[in-house]
Amino acid sequence: MPAGTRIGVLTGGGDCPGLNAVLRAVTRKGIAVHGHEIVGFRSGWQGPLEGNTMPLGLDAVEDILARGGTILGSSRTNPYKETDGVERIKRTLAEHEVDALIAIGGEDTLGVAERLTQDGVPVVGVPKTIDNDLDATDYTFGFDTAVHIATEAIDRLRTTAESHHRALVVEVMGRHAGWIALHAGLAGGANVILGPEKRFSVDQVCDWVQQRFERQYAPIIVVAEGAIPQDGEEVLQTGETDAFGHVRLGGVGTWLADELSRRTGKESRAVVLGHTQRGGTPTAYDRVLATRFGLHAVDAVSEGAFGKMVALRGTDIVRVPLAEATAKLKTVPLSRYAEAEVLFG
Amino acid sequence: MPAGTRIGVLTGGGDCPGLNAVLRAVTRKGIAVHGHEIVGFRSGWQGPLEGNTMPLGLDAVEDILARGGTILGSSRTNPYKETDGVERIKRTLAEHEVDALIAIGGEDTLGVAERLTQDGVPVVGVPKTIDNDLDATDYTFGFDTAVHIATEAIDRLRTTAESHHRALVVEVMGRHAGWIALHAGLAGGANVILGPEKRFSVDQVCDWVQQRFERQYAPIIVVAEGAIPQDGEEVLQTGETDAFGHVRLGGVGTWLADELSRRTGKESRAVVLGHTQRGGTPTAYDRVLATRFGLHAVDAVSEGAFGKMVALRGTDIVRVPLAEATAKLKTVPLSRYAEAEVLFG
Amino acid sequence: MPAGTRIGVLTGGGDCPGLNAVLRAVTRKGIAVHGHEIVGFRSGWQGPLEGNTMPLGLDAVEDILARGGTILGSSRTNPYKETDGVERIKRTLAEHEVDALIAIGGEDTLGVAERLTQDGVPVVGVPKTIDNDLDATDYTFGFDTAVHIATEAIDRLRTTAESHHRALVVEVMGRHAGWIALHAGLAGGANVILGPEKRFSVDQVCDWVQQRFERQYAPIIVVAEGAIPQDGEEVLQTGETDAFGHVRLGGVGTWLADELSRRTGKESRAVVLGHTQRGGTPTAYDRVLATRFGLHAVDAVSEGAFGKMVALRGTDIVRVPLAEATAKLKTVPLSRYAEAEVLFG
Amino acid sequence: MPAGTRIGVLTGGGDCPGLNAVLRAVTRKGIAVHGHEIVGFRSGWQGPLEGNTMPLGLDAVEDILARGGTILGSSRTNPYKETDGVERIKRTLAEHEVDALIAIGGEDTLGVAERLTQDGVPVVGVPKTIDNDLDATDYTFGFDTAVHIATEAIDRLRTTAESHHRALVVEVMGRHAGWIALHAGLAGGANVILGPEKRFSVDQVCDWVQQRFERQYAPIIVVAEGAIPQDGEEVLQTGETDAFGHVRLGGVGTWLADELSRRTGKESRAVVLGHTQRGGTPTAYDRVLATRFGLHAVDAVSEGAFGKMVALRGTDIVRVPLAEATAKLKTVPLSRYAEAEVLFG
């Protein structure tokens, strides 16, 4: 893309610490090095659908590196579920003289990016997921921040658990992958870690809990919101609506705390970290990763590498096909749970 | 009390950041200045009831200043509800040659301390409550830490609320007094603050929420767990057991989020901070206050000031009668809510 | 002051976490409750001298509560040292139709505010000092944040000191008053605390250090930058320019570390916290105090209480004459050092 | 190694957050899975030289995961510089019936481990360096914590720099490699980043600083302690002893601040983060990495993989020859500075 090209950028899906760091890097490098103009589209794919834009200049991104969320706003809008979605996007881009897009998002957003590229809209992707469950990159930004917040909570909960000889169940994010549970559990010294990859036995959990009490310590159980008990019990998940029309806060976590109280006779309590895990200032790790993703994404656009996504491999930022990025969910290998399990109890 | 006196110390009620700082100060000053020996009683009033002790020397308290919880453990045992409670305590003290007690706790623990002193067991009290609802002292340690944690959570939630144009309801501790809600709400720039001192109107809350959305920002509502809606709706509180035998996580907070979604049509979500508010390392403020309370409590014992409690007045540590300390709950004056309300919306 | 009055506000002297919280509270309450317009003057007294203003509306203060520093900028300019200073200020206020000022600052800024009020410019003061050395208020905002940062540093330094059996000297702010050293020292469990109020004996410090090493622990010495050794040694202070024209970093702290190494034979190192103590997001405590100061200052203006300053007494915000506020430096009473000293070694 | 084998473990060189996490993982897995006994040697190689040990059982490591430093203590003792060093170590191991060692340390410690293995003492290495300058591993634990602390400091310094229109120079660790400067600089949004890999031009730095001031913002300059100005000026480094016998605090950082003041006429100040960067609780990232290193190190011992070191490659823990690990310093590639440079000014 020649200097002077106008590049659009948008953030889709759930918010995630580091999105603003990507926007800043894209804008600064796009302007300073490549001579591009950067146009922000608001609220995910709604922006290019509806022509809702904001200019991104040096001043607009001056103070956003350390801020959580996204100054562009986000949404879960999918243009392929909207009437004439692709046409409307093409029309918007033409009107705003935008020649290429950078789409920052998770599986859904990147899936759209992939299809749009095939449909003639040149897009480069930047992977984003709190859950770290995208297969084509070693890590995604936002994950380290979520793990940091959950670990801090576990540190706090440990002293109160010990003082009251009480079990504490901490429910963390992770519908389909247990990365946050695994890493925060390891970092917080959890005595049990349960992820969605493998149904768990409540009896086994009770054993670890009892072992811990027998050693005169209090157990912390970290459970991903998507974890499922082995005996197939139907547990409503956090965020689902129950029979009374109420949005549920605490699914498997509160259920498990009740079970532990009942089965072990020891007082057990649940804490659901919820949205605190995805907000606020990103960790240094996530700021660096997000910044590097942004710098490399704008290079990819300049070099016309559309249909590609930036990704982390070891310490390098590489480009991978968008198709590959969204092909497969990256769940926690069972070997990683086994590695951690020697520290349980 | 002459040098060589053995002084017992215990921590009762819910745990609270700063308890260990009190224990350290009592032990170090008791030994170094007054030549006392310090005996720790475990698990609140269970300790003196059952003779369950641990020696507190310089090494035992070396590394505990910055740690949450209490190395003595705690409980809600009340000797006046136990058979021969007072006699058993007297017997334990005689056996261990302990001549006086320092009792660190809230309303219940200090109430016992007051009665025991009248019944011939010399006790000095140290006030402790996360909720800051003891009338005889300007502040109690643990409160600043709870406010700090809740404020940090609000800071995090703000960016996620803004990115998704969503209302977030944060339920904080405070059954009978709204101090944590008020201070964390002020510190976090909450757009609505609701405490238990005054029934709230959901319509009024909806107004503030709408105002906020109209200004193109997202609202944060901070609600104390004990807050009650005006129209007298029965809302189950966090920690209560529901009709199905499940311990409830999220009472008024989750209820209010549902109401807001329903009435305003804007997506609303609840976060319940729960036990994370009472654990972990105390803030510098709480460490200083707890340390000073400990230093002054051991002085009070040395000077035979039994039936008294140490308290903060302005910047001074003073002594007040235990009877006074437990006479009245310190709720938030309505004028303080009015002061904050100008910042709502 | 009637509704519609234009009120000016400025921040003078060194920056301090909480200044923006005051500006936000003044603006929001001034507009919403009193119907005032709020005009920000930039760079302390330079603003009214040179007519350098920025309008402060609801959007301008929307996102500043949690930010350190001051969006108005600051300076140490003193209008009484400028030609026709007072006249120029009066002219600026007339031009901008500003009828009253709120001046947020320390001893110097408030001293100017006091004189200006006498010279016919109606000013209300808001006290600000990291050092907590203003006599007319229990605490000033910024102080708790500085203590928090210093305490966190001490916590970090303790583990490295212990691992290497090494003494660590931490130099904190405090030219004339040792409040930060005292509170951070107490909160961090320092083994020696030295303030400017009383010359210290290096021999005595060595004794405490040796005691600590003999107990198989490593000593942390917290020293205010203004502390002075007893034998009258000339120690250059942090920030002063040395004989070679270099700005000095580390005065008494680095000197003391060298002395300790030399006299005790134990490896000693200094850390100078410097400007990290005055920046960044304010603690919850400081945000609440600053917010309340702002709310009450704008009330004071509305009620015409000029020549007054808002102040904290216990848990109340009161008004005190500016003359009183700047009459006397609030140093640490020697009794407070004595209270802490029982924890040394 | 069969069950029942006694394994020794030691920590050498400068302390580093995460050391205790390694010790805990080694101990827990060594005991629970392999049936080993774990013997801690105190103070680096001094321990095996002098037979200074402490038993490491489950209780000893219960509460250390989140603590900085090392419960074993550390030193820079090199057995190859001691008389009969190797013989003395062999004798100690024989006396304590220790069959293998795990040595946790940096270049020097691992160099000794390599030679000892060749001399018949079976050792497995665990890499440790704050500076991240070991070539055979993607990252070392401690580095993320150092970057986190430095980033937090930069965040704080930014608001004070802006309020006073002042340049702030932050000197961070890094004698030979600029990894901390680069990552903290990127994460903190530094306007200049200077590492030891390439001599810097003060004129160029002045240009970036001026650019920043012209855009009405304040510049933050992050400089590694080992950075060297281009014109070959002799700058004393932090920690070196000056002509007057004083240990220097602030080398290139304070020098550069003086130069910037002089050349640009803008007030410039230096902050030297010093030892605060290496102490205190490790980040979640470092706790996970250190724990995994520990788990894999004890496996390596069990499988007799001596002369090897555990290392991170992507997301995997692998084994590499110790010889390879210490062959080459991993400095920052110039391409990484170039990547960051587009964000300067």
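Note that the chains take the letters A, B, C and D in the order they are written out, and that residue 1 is the start of every chain.
Simple rule for what comes next: a contact is a pair of C-beta atoms (placed from the backbone, for glycine too) under 8 Å apart; a residue touches a chain by one contact, two chains touch by 3 or more.
Protein names from UniProt, one per chain: A, B, C, D = Pyrophosphate--fructose 6-phosphate 1-phosphotransferase.
Keep in mind the model is a prediction, meaning the values are calculated, not measured.
Undergrad: Centre-to-centre on C-alpha atoms, which chain is most distant from chain B?
TA: For chain B, the chain whose C-alpha mean is farthest off is D.
Undergrad: Go ahead and note the Å separation of the Cα centroids belonging to chain C and chain D.
TA: 34
Undergrad: Quick check: how many Å separate the C-alpha centres of chain B and chain C?
TA: Each chain's C-alpha centroid was found; their separation is 29 Å.
Undergrad: What whole-Å value do you get for the distance between chain A and chain C if each is reduced to the mean of its CA atoms?
TA: About 40 Å, centre to centre.
Undergrad: What are the residues of chain C that contact at least two other chains?
TA: In chain C, 155 touch at least two other chains.
Undergrad: In graph terms, with chains as vertices and touches as edges, which category applies: line, ring, star, complete, or other?
TA: Drawn as a graph, the chains make one closed cycle, so a ring.
Undergrad: Using the touch definition from the top, list the residues of chain A that touch chain D in their complex.
TA: 24-25, 28-29, 32-33, 58, 62, 65-66, 138-139, 144, 147-148, 150-151, 155, 183-184, 186-189, 215, 217, 281, 283-285, 287-288, 291-292, 295, 313-315, 339, 342-343
Undergrad: Hey, which residues of chain B end up touching chain A in the complex?
TA: Chain B residues touching chain A: 14-15, 17, 19, 67-70, 73-75, 149, 152-153, 155-165, 168, 245-247, 249-250, 254-255, 257-258, 261, 269-276, 278-280.
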